[in-house]
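Read from first to last, the chains carry the letters A, B, C and D; within each, the first residue is number 1.
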Amino acid sequence: MQLNRRSLLKLTAASAAAGAIGLPASAQAIDELVIAYNVNLPSWDPTTGPSAVNPTIQGLYQSVFDQFILQQPDLKPAPGLLTEWGWNDDRTQVWMTVREGVTWHDGSPFTADDVAWSLARAADPATGNPINFIWGTLANHRVEGNKVIADVKSFDPTIFKWMYFLTGYVLPKAYYEKVGAEGFEAAPIGTGPYMVEKFERNAFVRLKANESYWGGAPEFKTVTIKFVTDAAARVAEVESGSSHVTLEMPYEEYDRLKGTLNGAAAPISDIGMIFLNDIEVMTDPNVRKAAALAIDKQAIIDRLLSGYGVKIDTLQTPEYDAYDASITVPYDEAGAIAALAASGFGPDNPVKFKIQTTKGFKPKDYEMVQAIVGLWRKVGIEAEIEVYEIAKHYELRAADTLAPAAFYNWGNSVGDPTTSTGFAMFGPSPHSVWDGEDLIGMIGPLWGEADEAKRIEGWKAVDKYIAENALVIPLLQYVQPILSAKGVTVTPHASGALLPHLMKRA
Amino acid sequence: MSFLTVTNLSARLKGTGFPILRRVSLSVAAGQVHGLVGESGAGKSMIGKAVLGILPSSVEITEGRIELDGVDLLSLPLKERRRRIGATAALIPQDPLTALNPSRRIAPQVTDRLVDILGWARARANARALELLHEVQIPDPERVLRSYPHELSGGMRQRILIASAFAAEPKLIVADEPTTALDVTVQKQILKLIAEMQARHGTALLFVTHDLGVVSKVCQSLSVLYGGMVVEDTPVRDFFRAPAHAYSRALLAATPKYTDPMASLVPVPEAVIAGVQAELAAFDRGARHG
Amino acid sequence: MADGRAQIRRRAGPRLWLSALWLGLLALAALLAPWIAPKDPLAQDLFLGRLPPFWAAGAEPGYWLGTDSLGRDVLSRLIHGARLALTVALVAGSITCLIGATLGLLAGYLRGWVDIVISRAIDIWMAFPPVLFSILLIAVLGPGLSSIIIAIVVIDWTRFARVVRAEAMAQGAMDYVASAQVAGRSRLSTMVTEILPNVLPTIVVLLTLEMGIAVIVEAILSFVNLSISTDDPTWGGMIAEGRTSIHQAWWVLIFPLIALFLTVLSFSQLGEGLKDRYDPVLR
Amino acid sequence: MQLLRTFLLRLLTTAITLIGVAVIVFVVIRVVPGNPIAMMLPPGATDEDIARLTAQYGLDKPIPEQFLIWASGVLQGDFGTSITARQPVLDLVLGRLPATLELSIMALVIAVILGGVMALTGTRARGTKVEAGIDVANGMALSVPDFLWGLVLILLFGVLVPVFHISGRVTPSLDLPFTTNFYLFESVLRLRFDLWADIVSHMFMPALALAIPLAAIIGQLLKQSLKETMHLDYVTLSRTKGYGENHVITREALPNAILPTLTLVGVQFTFLIGGTVIIERLFSYEGLGNMAIDAVINRDLPLIQGIVILFAVIFTAVNLVVDLSYALLNPRLRHG
């Protein structure tokens, strides 16, 4: 069925027929699925360059490529291209058994060589893999039958978690070496559920189902992902029926349309937080505690985000491994005023500092900071807002020159404490802003802790310490709104990736 | 029977209502040349414009009839009036430098009325244009027809405009000070040309000018205008022998004679001006009650 | 003998004094903002979010034009927004005019290498895509009122320079200028005393149009999320914020849009009106 | 001979302009805070990672040296490699240029038609309420930024009365037999009017949003020069020949009134191309502007440089064409 009925030649007929204003009936069967996606896809190589660390486009990569290990919608790992994996007894070697009977999109067989080559390539600094510091801990990758063995140069407990996280993708060795980087960029192939049929930069990508996919052929045979960066345009696309699925629209629009369309809003592994830099007034614990206590997180979620958001008090979300529900930071306006008074501040003599935020990068980012500044103003904190671009945020953070407070979001679809509290709060890491020696001492030993249970307990203690001293102000776990036509049901993935192969006909 | 008869034609400025023409009446018979004379602003060219239906948008006709070939133009709807004027009358404009369209060649500007309004075949119109250009003594007419206005002199362009006016064999031509914009040497030739063409084609000619010398050589009769009112309407012969109206006499005295260029010129005396002003006032009072 | 032509007077035209009225109202609102605004434009109350205007059901008394998603009073933000809009319009407009007109005058009258240098600068500046250049500029200067003004000046001075240069060149060729020079006047004083007064009407017309454009540029920059970073309300900022909840709270977007539209329209009609007054040819 | 001399002079000035643009944008985007390397830093990166990546993209050298490297590359047609798309900048930019050009040309055509109709109606009904209405309409069109017109159009023709497509440039599911990126023109050349209709249905709203302010400018200026022309003698003479007012305006006044408007259309066309950035973003139309915003957000320095230079080249080229056509169309100059 031709998806859209509109064309200029039929304009007169259409406008006459469009007498019945309202939603064009989109309930009839859909065979060509159209998704209005919110970001452009800059490059097809999921292992190098800035796009490799951009969480919002991992969904596109996961439709075409497979990761070493499959991550299920609840973030838990499951056998993927690797059926089993683990360390040897003294943790000097890692071993992986490779799934058999899998083929690349060009029909060539997928073998253990591809896995070994992909790991070696990721370990080689020359390829520019941004997660080289993890993959570099393995060396001397070798193939034995359908097993891959590698020596552990320095033990990292999270090595296997990275195999279903950023850059953890398996690329075709033979094909890549034949066509080279540029050739691969022009015609990428993987083992994933969909093959790339046609790619038009900044416009759309047309995918064809991989009938011999090892995880079962997907239901929709052809999928078109249109890149529609403007939220209002995405809503219009789905409302007018010219797209079937879209995501990341304002929550008010989600509420308005979830009745007439199918709506799914599930929490994802992305949190909103306020970085605190240990400079100026932020070195005073009273000011930090007051700032944390004065924020009515639930009211902000209810009023600004129409209730779509999960209040959090540590950098872990309920789905993460080291989540501890017992650590809480209540909303306590009186307590905040008391804490400020202890340091001689109050509504009449407010403490002053600058808070930085992006505007329009995450849903209502700027409005949330305005609301927080409003709440702070009541207790005697005078915060001046400075808007900057996301590029400037990264640079300031890398140079550790962020303002005393800076609003930012932190994705961590692996759910491991090292990639949330770890990198955000560990002094030496270029991404952290808090340089307190006490925290560095507590976190240091956890990097190499072999005993998993002891490691998780260690991170929970760190989170408790952080919450008590308000070294950072976690705010909320984002909820991802997805709207789809009546004919499509979407299974949301907790990592925030929108995966067409998880979509079924309603 | 006169070809053009204007009876009690009055016009005024929209908005302020300032009178431009005050119940003007005159007539021009076929083959006759009638002069319209007066100082600038006396309304003489307004009459010509009213007859051809090209009054400026800020002027409105309040009463009167303009009968062209027996039909009162003012009673016709605009489109019909335009076509009738286009078919039976023509204009020889004052300034040849601006009266030709700079972005079109000469030929279409001469033949367009013949083909579009009179429905002639293109070939016949082109032949007619060539014939007329010869008649107005233009050298190498084929090249001139193909060229653009800016490539020709002022005199040449006026000849083309005269040719274009006579091309359609109109029964009436309004010549609106056709020589004023030209330098003196060319003026005599153009005047002679217009007079000869008029005689040869027997067209009724309404000749608007401020130069009594021109009137004496070209016109058979004239109307003297002041403040939009016809002060005197007589045959040329009687006018030059003994003008009836005081203002006419003063006007004649103020005109340099070719025969005696050195004579000191007598400006129109104050008394005469006051007299004719009084006449205007009386006329207006009368008009209000009439 | 009274000449009929002198009687034709051009009526002042309702458009002229209507736009003057709106701009006067605006100036008043801008000056007296703190006193006449019913509420504090920054005061938030999350529980009073998205209240409809006074005539609609569920309106809250005192919030005449309703509130935005943060519970801030739309009318007060509109009035304070007027202050920013006028500042941007007046400051950016006049600086652009000053720089552009001066360079245009110098280039148009002095000619020679001065003209060549300035004309090349104009060419180079116009070769930049305006919106892209302002995004880059604001990224360098950081968002804020001053950087918007600088962005407008840097981008739009060529508009003045081009027109004034052409006008100055035309005036320069006039006889009265030659006679002034013959009278032993220095080139600079000739330029100021002779050329400037004649070029002034065009400058004034361009200035009024430029003020309108400055307000639009602020709206465009807000749409690209680059406008003023602080809480201060700007119409462009309110429109950008109102866009996401157009279906639920249309008034958050519509009222500043109307204010922006009327202001820019008034500036352009004022410019047209002045052009009519100074330009006799146009009936 | 005289024409050749001015042409060479023009080439020289164009070269200076392009060099000037290249230098300025090269320095500005390197002074902009937020360098691309910081964008690429993964969670665990260390300081030497930063140094290594900076060196890899050649951003560690002093700016003048970087410019020389870039300039020498350009002379051999190599505009560098985009940091985000990891493809040669020239291919990316030339790949996207046709889309923006087609959108701008379509917007210009709509603007000229709209503006022309407004001007002719305004002149025909000059002095009446109709002309006053048109002036107010033009004022309205000018005082609302084009992206707001875009919003209105999306709500009207995208959602309320779904007549036009809302985003993109063509329906992705169609197989396009095109070899060049000029979809619109090539669909006509290949007589594929079904594709043509689909493309126009996608381009119409963004083009209209771009065209509305431009139509107002063209309408006002053309009306003004038309009204001035209507007072000239040859127009009055044409009336005495019996032609109706419509004929007089279109055949006598318009050909001469168009000339001054032409230069304005030329200049506005260049602003138009530069101004599509926002509209392409709003309608997700894959032109240069859309890519430019991504480039600026991601600080893709070589790509920004390439895009700005291309805009400058188009700007100077269009100016050249406008000046030449002005000479050709104006008989006085042609027969000099």
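What we mean here is this: a residue touches a chain if its C-beta (ideal position, glycine included) is under 8 Å from a C-beta of that chain, and two chains touch if they have at least 3 such contacts.
Note that the structure is predicted; figures quoted are calculated from it, not measured.
Touching subunit A and subunit D at once are the following chains: C.
Taking the CA centroid of subunit C as reference, the farthest chain centroid is that of B.
Among the inter-chain contacts, the highest number of C-beta pairs connects A-D.
Here D is the chain whose Cα centre lies closest to the centre of all protein Cα atoms. Separating the CA-averaged centres of subunit B and subunit D is a span of 53 Å. For the pair subunit A and subunit C, the distance between C-alpha centroids works out to 43 Å. The geometric centre of subunit A is 87 Å away from that of subunit B, both derived from CA atoms. Centroids built from CA atoms put subunit D at 23 Å from subunit C. Contacts with at least two other chains are made by residues 232, 388-389, 391-392 of subunit A. Shared interface positions of subunit D, defined as residues touching 2 or more other chains, are 33-34, 126-127, 151, 155.
Residue positions of subunit B touching 2 or more other chains, listed in rising order: 57. Per the touch definition, subunit C reaches subunit A in the complex via residues 42-44, 46-47, 49, 69-71, 139, 142-143, 225-226, 229-231, 240-241, 243-248.
Residues of subunit B touching subunit D in their complex: 52-54, 57, 79, 82-87, 89-91, 93-95, 98-104, 109, 112-113, 116-117, 148, 150-151, 161. Across the complex, subunit D meets subunit A through its residues 33-36, 38-47, 49-50, 52-53, 56, 83-87, 92, 95-96, 151, 154-155, 158-169, 171-173, 193-194, 197-198, 200-201, 204, 281-284, 286, 290-291, 294, 297-299. Across the interface of their complex, subunit D is touched by residues 3-4, 6-11, 14-15, 18, 21, 24, 32, 34, 36, 40, 42-43, 45, 48-53, 125, 128, 130-134, 166, 181-182, 185, 198, 200-204, 206, 222, 224, 226-230, 232-233, 236-237, 239-242, 388-398, 419, 423, 428-431 of subunit A.
Against subunit D, the residues of subunit C that register as touching in their complex are 15, 120, 123-124, 126-132, 135-137, 139-140, 142, 212, 216, 219-220, 223-224, 239, 243, 246, 257, 260-265, 267-269, 272, 281-283.
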